[in-house]
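Quick notes on the structure that follows.
Chain IDs A, B and C follow the sequence of writing; residue 1 opens each chain.
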Amino acid sequence: MEQHRHQNPTNMRMKLPITCLILQIILIILFGTIVQYDDETDAKEWHEHLHNGSKDADNDFYYRYPSFQDVHVMIFIGFGFLMTFLQRYGFSSVGFNFLIAAFALQWATLMQGFFHGLHGGKIHIGVESMINADFCTGSVLISFGAVLGKTSPVQLLIMALFEVTLFAINEFILLTLLWAKDAGGSMTIHTFGAYFGLMVTRVLYRPNLEKSKHRNCSVYHSDLFAMIGTIYLWMFWPSFNSAITAHGDDQHRTAMNTYYSLAACTMSSYAFSSLTAHDGKLDMVHIQNAALAGGVAAGTAGEMMLTPFGSMIVGFLAGIISVLGYKYLSPILEEKLKIQDTCGVHNLHGMPGVLGAIVGAVTASLATPDVYGKGMEDVFPQIANGEFTASAQGARQAISLAVTLGMALLGGLLVGFILKLPMFGAPSDAICYEDSIYWEVSLRCLQ
Amino acid sequence: MEQHRHQNPTNMRMKLPITCLILQIILIILFGTIVQYDDETDAKEWHEHLHNGSKDADNDFYYRYPSFQDVHVMIFIGFGFLMTFLQRYGFSSVGFNFLIAAFALQWATLMQGFFHGLHGGKIHIGVESMINADFCTGSVLISFGAVLGKTSPVQLLIMALFEVTLFAINEFILLTLLWAKDAGGSMTIHTFGAYFGLMVTRVLYRPNLEKSKHRNCSVYHSDLFAMIGTIYLWMFWPSFNSAITAHGDDQHRTAMNTYYSLAACTMSSYAFSSLTAHDGKLDMVHIQNAALAGGVAAGTAGEMMLTPFGSMIVGFLAGIISVLGYKYLSPILEEKLKIQDTCGVHNLHGMPGVLGAIVGAVTASLATPDVYGKGMEDVFPQIANGEFTASAQGARQAISLAVTLGMALLGGLLVGFILKLPMFGAPSDAICYEDSIYWEVSLRCLQ
Amino acid sequence: MEQHRHQNPTNMRMKLPITCLILQIILIILFGTIVQYDDETDAKEWHEHLHNGSKDADNDFYYRYPSFQDVHVMIFIGFGFLMTFLQRYGFSSVGFNFLIAAFALQWATLMQGFFHGLHGGKIHIGVESMINADFCTGSVLISFGAVLGKTSPVQLLIMALFEVTLFAINEFILLTLLWAKDAGGSMTIHTFGAYFGLMVTRVLYRPNLEKSKHRNCSVYHSDLFAMIGTIYLWMFWPSFNSAITAHGDDQHRTAMNTYYSLAACTMSSYAFSSLTAHDGKLDMVHIQNAALAGGVAAGTAGEMMLTPFGSMIVGFLAGIISVLGYKYLSPILEEKLKIQDTCGVHNLHGMPGVLGAIVGAVTASLATPDVYGKGMEDVFPQIANGEFTASAQGARQAISLAVTLGMALLGGLLVGFILKLPMFGAPSDAICYEDSIYWEVSLRCLQ
């Protein structure tokens, strides 16, 4: 066995099982030690609440579970199928997405719980922590998009282990220390995931990747599979951005703002995809990705009184930026900065995430009691109780963006070097973007 | 550029970007001018409601948003993938569906808001208007099915512009002037969309379409992609029909009636698909389409006390009519009436829509206080408050069908002639049903 | 016609239409005779409730409909696409799944209503009966997986007819006579469906099935289609297990327990898939199926105070058992016991179902008032009101497993022999796993 492993570094027979089993056993032990039902999932506690006048309909499950399931679909179908565009990497796209998400959501429960869910030394969990775990997982999957086709599943699990941890720290700094608002995660999820992944792929730069260039391409049906991912991400983004906003008008408004941002983004993406092609033909890469940038860009300000009008402007710009990024910036990043960004996450999550953060900072700084009324307490509690001004909120939003960029780039640098360790079984430059090194392909078929 | 455009009329480089950008900028300006949050999405207004005794759980978001998302999936995945059955038109089916839906839902917000959402000169929007906008979009996508493969994206956007406007007018006549009931849109959505599209395709008749006949066909995997669309439409149709009915029993009953109508329809569709084939083999066209007719036919009466029994009879008949339409009527329509109906929308939406309208008229005319009790106020407020009798309600339903047919045929005629203008870049008869004229197909692939 | 039928026994032209139409007409007559709206779907009755102080938000629709739709997706997309892995059986997998589910859900409404929904001689229906009907349908689809590719649609409808009936009887014995708990159906759905199907396929043993061996295999894109089914089943399993648990903490807790069980199961499935391959490569069969075993195994205990810790252990073991079953047990079952289990339902539903039943019995026997508090009334009403002890509940759970196994094996034996009747049009050994005997394949395509 050992000998065999040395002959073929991408043989996962020991590496992958050991990594999965150790990680999972640690997770189980930690869950057994420090995780508990919260008041709304615990039989005894919830019935105390009922005894004290609550009703079953007040259980947070009914406010958030439908949104949770939409987010869940985005994480597993959305991200998973979006990456199936490669002709021979569909198994890995969906399959590794599945694996690292299943790990990351468990680890995220612990890390996020440690930073903001501790009650008497125990982490209390319920539907809101499930949504937050899926959000954190989304960030890891964005980074996965940057290194798609060039990393082994063991590398991906190790990346997830570190990235989730850093995500939770960054989120803690933003939401708890800086009191920033970022319900849909323009900063915490998209900006962080994108720049972390870009830095990882920079460190893992492969000078001879053109040896696999003939596999870094799509075929007709792989592009249709990818559209399943795109459309699900697009449809459910309103649920994503509104999943953990306050009950009532906040969830309602956030979903609607995102809906219009995405619609406008789709229009500008199609326009610029056609405009930037010499023969006016639409490019599937733009449609699959840029049309989603409106969701990313509404991630911070979506819960604010951005108005549908404002949302549409934001989405419109995000689509343009994203298409132009794919067309003109990505080739430069690859040639000049040696950033091989397989899915172009810089264009879908990076720049639109930064745009979303800026829009959030500006919108926050313009918040007035006249517009928000008593709703200010839900959106900007510190402004409502006079702790700080709208401008200060805006400034804190801007600082949060800077912190996120710093954390992502430094974290990606560190993790990139860890992933370079040879023991993780990365494929050689000549067999990237290829399922058959990690999967039995059509084993059962004689035809 | 201009020269290039004259050489190749289907080159979209100027036409499509200009159309998209002008439309979107107009939308943004109009939204900025006349659209506002409604009381349930506005931070200040909703908190006034909370102050006055409402609870967050009363926000309409929690009654309707899960249904909205199901409808949203039907519009973007359901319609989009249903049309991917063509072997080389999958990009356009999903992609143009995506584009025109993103446009139509914004434009519908304005048109429907103008006709029945004005408050002090402003259009107030929330989750119910989002559902209505998706409904109106559905109508446009039905018409898209009739012309599938034969129109450029610019033609489709122009068609959507006019069709949404006419849809809103027809809906205003039916629901506001005639006080008809049509929660699931047998008339407003399906009958209107189908006959509008049929008239458009009639006007755009192509005598030499047999030149593209070899591409007007499915392949094995394209039929499987189409089944994704079919199954999603089938599963979520109960949500579609119940999305905007009254809270409580109405939503509950409508969803259940539709569920049983669809189940019975599936059984009769399979039966007749096999029965009408000389070798008894099932035809994917019937399964993909006719099995859905039960949802269409329950669109008007679904919210009424139709009973599961009545719903199953309606669905059973709808499936039969639809299969027979595909088998025997569509060829006649094409040969005799020169109606080239790519997806057979007459069989899925046209005839079942008319059936649904008739069932609605009959069911309404049979409404009695004995059956509806105080629930009459929700379903037929005019009967409940004595404004008119059940028979009069039935008559108004019947008149609504006639109005809808008239509006659809006249509207389709008008819009068909507009779409004939050469500047919109329609493909020639020899290159219909072909993605590569509008899309870069497999550009990134060297294999 | 008759002559033609004798020439080709798989010609469905008379058999399938007659079966479908007779079954559907019987269903319609029975629904017309004995089915009524329940209090929450009936206009008059619900408004009586409103009159007496209920609110629309109390309607069960808002507690259960989102979960119902998730279950619905699992039944039609999940099961349907999971079985599309075969290279030339995609139409039948999705299409027959669709047909028999449409039949089974109607028949299940009657059978389950007869056994536990009768009110004054009438069956009262609403969203909970719709969920239960979908659950029962799931059991039939599990059995379908065992015989996939080897049965005609008429055989499948006949199987569904009997299996639904036996399912309802078994469910009645377990839930009403034995007072067992099984909200997610580890016993009633999974164990029953699996062992029923295994016995049917045993009776239908085909000694010369190797003649079709070259079609019993997957191709690249068919495996990707199957992953759509897998991921949807995986994502929505928390909704499945929690769909009919009590309102409040019960639904909330069940969903969360299942979520963590599945995550842990995915990790162990990947680990063991790689570990059991000589070259360490992952096998799509394991990923598509074993990763779901955690949902099956949490079906009974999911609503109990299993804790996320316990759920993860259960899921972790389920994944291991399932992969080992596919790798080592299935070949033995086929060679020694002549059980040709196409989808390996023994590994996904059989063994994990038994595991789930055992975990449920143990967890129930450990229930204490200290842990459940007043919530005991919802989970174990008989323990709460002192009717029997926790140990007795555990014993009843264990007896329920034995009853289920007995009912499934005897029922499958009986139904297997019925299905052997030649008139049902089973394919010969040489044309199994082939769509073209029942479907017009690419008829409309000239290419």
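To be clear about the criterion, a contact is a pair of C-beta atoms (placed from the backbone, for glycine too) under 8 Å apart; a residue touches a chain by one contact, two chains touch by 3 or more.
Predicted model only: the values in this text are computed from it and were never measured.
Undergrad: How many degrees of rotation carry the C-alpha atoms of chain B onto those of chain C, rounded to the nearest 5?
TA: It is a rotation of 120 degrees, to the nearest 5.
Undergrad: Regarding the chain A and chain C pair, does the interface count as same (over half of residue numbers shared) or different (under half shared)?
TA: Different, since most residue numbers here occur in only one copy.
Undergrad: Using mean CA coordinates as chain centres, what's the gap between chain A and chain C in Å?
TA: 33
Undergrad: Give me the residues of chain C that touch two or more other chains.
TA: 57, 62, 66, 221, 228
Undergrad: With touch defined as at the start, can you tell me which chain C residues reach chain B in the complex?
TA: 8, 11-17, 20-21, 23-24, 27-28, 31-32, 35-37, 40-48, 50-51, 56-57, 59-62, 65-66, 69, 72-73, 76-77, 80-81, 84, 88, 90-91, 94-95, 98-99, 102-103, 105-106, 125-127, 130, 153, 221, 225, 228, 437-447
Undergrad: For the complex, which residues does chain C have touching chain A?
TA: Residue positions touching the partner: 57-58, 62-63, 66, 70, 87, 213-221, 223-224, 227-228, 231-232, 234-236, 238-239, 247-253, 255-256, 259-260, 262-264, 266-268, 270-272, 274-275, 277-285, 287, 291, 305, 307-309, 312-313, 316, 371-379.
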